[in-house]
Amino acid sequence: MVGGGKDAFIGAVHRMAAYLDGQIELVCGAFSSDAKKSKESGEGLYLPANRVYGSYAEMFEKENLLPPGQRMDFVSIVTPNHLHFEPAKMALEKGFNVVLDKPMTLTLAEAKELKTIVDKTGKLFCLTHTYTGYPMIKEAKELVRQNKLGAIRKIYVSYPQGWLSTFLEASNNKQAVWRTDPNKSGIAGSMGDIGVHAFNLAEYVSGLSVTEVCAHINIVVPNRKLDDDGTVLLKFNNGATGMLYATQIAAGEENNICINIYGEKGGLEWKQQDNNTLLVKWLDKPAEIYRAGNDYLSPLAKFNCRVPPGHPEGYLEAFANLYRNFALTVRAKNSGATALEEWKDFPGIEDGIRGMAFIENVIASGKDNNKWKTFDV
Amino acid sequence: MVGGGKDAFIGAVHRMAAYLDGQIELVCGAFSSDAKKSKESGEGLYLPANRVYGSYAEMFEKENLLPPGQRMDFVSIVTPNHLHFEPAKMALEKGFNVVLDKPMTLTLAEAKELKTIVDKTGKLFCLTHTYTGYPMIKEAKELVRQNKLGAIRKIYVSYPQGWLSTFLEASNNKQAVWRTDPNKSGIAGSMGDIGVHAFNLAEYVSGLSVTEVCAHINIVVPNRKLDDDGTVLLKFNNGATGMLYATQIAAGEENNICINIYGEKGGLEWKQQDNNTLLVKWLDKPAEIYRAGNDYLSPLAKFNCRVPPGHPEGYLEAFANLYRNFALTVRAKNSGATALEEWKDFPGIEDGIRGMAFIENVIASGKDNNKWKTFDV
Amino acid sequence: MVGGGKDAFIGAVHRMAAYLDGQIELVCGAFSSDAKKSKESGEGLYLPANRVYGSYAEMFEKENLLPPGQRMDFVSIVTPNHLHFEPAKMALEKGFNVVLDKPMTLTLAEAKELKTIVDKTGKLFCLTHTYTGYPMIKEAKELVRQNKLGAIRKIYVSYPQGWLSTFLEASNNKQAVWRTDPNKSGIAGSMGDIGVHAFNLAEYVSGLSVTEVCAHINIVVPNRKLDDDGTVLLKFNNGATGMLYATQIAAGEENNICINIYGEKGGLEWKQQDNNTLLVKWLDKPAEIYRAGNDYLSPLAKFNCRVPPGHPEGYLEAFANLYRNFALTVRAKNSGATALEEWKDFPGIEDGIRGMAFIENVIASGKDNNKWKTFDV
Amino acid sequence: MVGGGKDAFIGAVHRMAAYLDGQIELVCGAFSSDAKKSKESGEGLYLPANRVYGSYAEMFEKENLLPPGQRMDFVSIVTPNHLHFEPAKMALEKGFNVVLDKPMTLTLAEAKELKTIVDKTGKLFCLTHTYTGYPMIKEAKELVRQNKLGAIRKIYVSYPQGWLSTFLEASNNKQAVWRTDPNKSGIAGSMGDIGVHAFNLAEYVSGLSVTEVCAHINIVVPNRKLDDDGTVLLKFNNGATGMLYATQIAAGEENNICINIYGEKGGLEWKQQDNNTLLVKWLDKPAEIYRAGNDYLSPLAKFNCRVPPGHPEGYLEAFANLYRNFALTVRAKNSGATALEEWKDFPGIEDGIRGMAFIENVIASGKDNNKWKTFDV
């Protein structure tokens, strides 16, 4: 693991997600750019001192010298955005498979370069768009893919949070500080932090691609340096249209990502805060409540459930699905076996490129007086 | 009553709303442009034959000749849009107070002319934006007015319906036929039918005015003549921003108008399909569930509740609140008494003008390549 | 109308319910045992002075002298329980059809006597068990009747309120005073006020009859004279079992009557606070959300809906369904026509007898050390 | 681990719960009474062959011979009920701390004997009543403990499942087979499988003890050998009353355990299927929605949350809270440190005794014609 030291939020989440299924063991880490902090963090995680490194460069170097069965099988990079590209590049080039937090890089150009490296090295790569790990999202994707709703016409995806409603970066809230800092986050705040999740979810479930955007991007809290709010009109490659909003100043909202998709014959509704439920609405019969864990679900959804219906799974389990699926694919590759289709169902380098394109396109559109901007990649 | 004959939908709704509180009696009507149909409709409503008229012109004429205590106190006009202006104008000029269905007229120009007539005649005028009649909407308005949420920053209002997902106007569905016909509905379909309700709700609750719009207006169902879907980015006069969507092709949706408003300190959420509940969310304490009928509500909200908490009121009661408040105001005026503030809380001619401006601005913006269009009135 | 003067709660509800559909006109009343109060109440309701009576005896007397087309068609009796039997008896014997509030009488003996009179006079009789007026309750009844769930095995019905959590009868709350007074309410408090509704709902929806009860009846608030809380185990005539609770000391609850019924193949769930929804759950497929106003509902349910799906109807509309159906039946009878089956779908004298039996059986069981008590009628 | 081989359900759940926080490592196991199956299961869990045992007796024997830092710190016993007492006894006597699945034993007598052994050996003991591991249940407990609701008056707890609606034990469903077999489950079916969870939840949240029960216990599905349905009236030691039902024939229900508690001033509502929400209802102000992860929660609740608000945690996280808290307590004990109060917040031997008493009392009451049975322990 790179990053994820003692004060970090997402590092601990990655570890729980990785631990859950008993398929992945944390064997080494460079948890902080401060060697002392890295050491302390490693101790707290019951790692042997010789597998806790003072820098990721050192880690890749030294792990690489260990015999294959002993060295780490892949690395998780859970640092702030500005520290994604370099360690990912280095890890790949040193021969390690990579799990990387989103947004993938600081710029679209970096994203494309990373893809070149992934392609060249042939290493496996996973980008942690957690929300696509939910079983009911997979069910939604399947219902769309099987044309149950008819041609898709309309996609609404919204992602309200409220935690940046005040000028929190003036406090010592570490999350707020780096996420609102252009040097660490890149050109986007809320669009890069959460908008990109919403975008990924829309494309994942619908199987469609955004082709044009019209964005209204705002800095609502005075003195903030990056956007904390934005709404984007969308056009998709099949002629469907849609709307995405992501805001971090919706006071009183927690982490309420929702998606509604409508086709000719019916619609889907999913809300992360009730993640085990997928509402399926029909033109001329009662809506149905699809629930996680049930036998009637698609194989893809069921493969991503752990417990019987009525035993709620949540965010960590969705996250764990990414890790488990990635680990199964890594293990298959390492052992020369063929990975099943459902194992390979995790977000990858292409999602990262489209995500970075999303950020650059909506920030550009937000500054433009023309209504529509082609979604350039 | 003008319109609302046997096959009509909204006429019957108006009558139930008017009857509910025992304050209003139906005394006469011109229920159809077909005199025979009008007569039959009147019979079905237990009206004496001499108060059922073959045309609204005849009705205004003859009712006007009756002694004041006997003639109708006001007229409800519940015809399709293209038959709003003429009868409203005539009624006002003949000395009758008017209740008119929305959208107020066919064009903004007509709306302005109607305002001139209302001003000139001094008659009372009510526009039936039903959703503002809900008690929890009134509570929402009060919470905003009292600055409980701090300055308003963000307004989302959505109004999905699914009933026009197919080319229903090819059937003999009377509602679908006229609502998709430019000659009867005007320049807008969904924007005029339901978008204008969403717009009115946003301005009513927030107490703010839209100043700029960026609209994406679509005809989704092939061969349809008017928009059946649209999304609009909004700017408000206090610097707040927002988004409105109204669609009639969201297959599987019934009539799901919702509003979310966020201020510096908290947010509000109301969904018509759970109309007796208002969620009030706070930055740093638990969200609260305000419920209709409770003592803790504002006087304005309580004035619009009829039954104790837990006895659901609904759409007809919201509609009835408009009628009751209007009737109380009419009675006060007739008797020379002063109408209470809460009696005068019904939508009127200004709402009609802004509604027509909404329609014209969003249709224009929808055709424009520039992102933002000033909201011209 | 008998009772329902200025301070009453349920009288106003009856009037709104009766007015809603424009089928019923209030023509006379004896609104209070205090003649002056009755007169004032009548004035407030726009009645001519000569149709406002000082007592119900006077009303029945004088109305009876009016020509058939002019006299009232039926009387609504909305007084406290101890004033149900006498006016109902007198009305029937004077030739009037009767609408009576629940519980029907003070005792089961009175209830049986009233049945004799109804049978003898041949007059129409309606008991206002409001909750059976909801369209989705009618849909539930239909689904059970059509055996969609298979044989019914389990029925849970719960009715929590919180308004009697304090010793409210010490205040001047008129509702609390009479409802906790054995002289006015009879032998039961919460069981007679709301338990009987829950009981009626369970039998109505299931089409089954309770055969044995085991009741736990409590007075929770010190010094109260009648039960304010009770739970009853139930056995039904087909071998199904169940549980009913009704409590008025569930602090924070409004009026939250709910029913869950399970058969061999699936289950139903309905909550009055979301009255337009009926959840239909299945053993091996997704649960379905049946919603009021939709075409897919049974004719019986649709007959009791007024507006399209997504336009919430509520408590007053459910109440109005009783009145409308009763009025249609009265009109049919008066005109010699045959009443349709769906017109006759309102609670009647048999419901009243079973309701009074419920009260007497559960109060007796509550005092008994034996577990089960036969449900005697 | 004892039990939890390849086909088992709850063994895998225990392992995920134990893994989640990175505090517990699976080091050995006797996964099946079939040595070959145990071996295969151990391989699938990446255990070294020498730590996979053919029987629990062998495991306790051999682990005991390992040096303290190497041998297992505690054992999890996840076998069917009839295989709880013997391995637990043996483990304790061999010096191992024990995690045991519920119900604790086959009989109350065994439970008491086990307590004697726990007391004698001084080993730590955890019983996996998962539902008390939910953070919002801990918040509920805290709100009651702090007297926020006033004296508790009423407790309703319900636990409907539908999976035994058919005679599933005739199929090869392993779960159904042993859970309906008196030789493996003991004298109770649904009461022992899920009723005991509901009972434990009621006592945990309320801090009260049941003193009398009146039970109605049924075998609904023909030919079944143990109860699949039951409802129990309850009296508590402070004078409060309540009702518990647990059923496995509620067709269409998943695993819907819910609790409602009412005090003098307000009430609580929690539903496992929306486990991150606790509704707090008040007599005279709006209900509040307490949500997991928020700063306003009690320290006890927050200690059992892992992720920020709006990132749903679920059943596995609740389960993991038991394991983590137990592990922290074991580690403290092993290192001679003092365990914090919140570490010791896991169900233990006393819960097991009361649970077994619940089973024996309700089964006895179910057969008794007297209404109330003293809750004997």
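The first chain written gets the first letter, and so on, giving A, B, C and D; residue counts start at 1 in each chain.
In this text, a contact is a pair of C-beta atoms (placed from the backbone, for glycine too) under 8 Å apart; a residue touches a chain by one contact, two chains touch by 3 or more.
As the structure is a computational prediction, the values presented were derived from the model and not from experiment.
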{"item": "Least step count from chain A to chain D, where 1 means the two chains touch", "value": "1"}
{"item": "Set of chains adjacent to chain C and to chain D", "value": "A, B"}
{"item": "Chain whose average C-alpha position is farthest from chain D's own", "value": "B"}
{"item": "Intercentroid distance (Cα basis), chain C paired with chain B, Å", "value": "34"}
{"item": "Centre distance in Å when chain B and chain D are each reduced to the mean of their C-alpha atoms", "value": "55"}
{"item": "CA centroid of chain A to CA centroid of chain B, Å", "value": "43"}
{"item": "Residue list for chain D, restricted to those that touch at least two other chains", "value": "253, 280, 287, 291, 294"}
{"item": "Chain A contact footprint on chain B (complex, rising order)", "value": "149-150, 153-154, 156, 158, 160, 162, 165-166, 214, 216, 218, 220, 229, 231, 233, 241, 243, 245, 247, 249-253, 260, 262-267, 280-283, 287, 368-372"}
{"item": "Parts of chain B lying in touch with chain C, wherever the complex brings them together", "value": "9, 12-13, 15-16, 19-22, 26, 45-46, 161, 163, 253-256, 272-276, 291, 293-294, 306-317"}
{"item": "Residues on chain C engaged by chain A in the complex (per definition of touch)", "value": "279-280, 284-291, 294-296"}
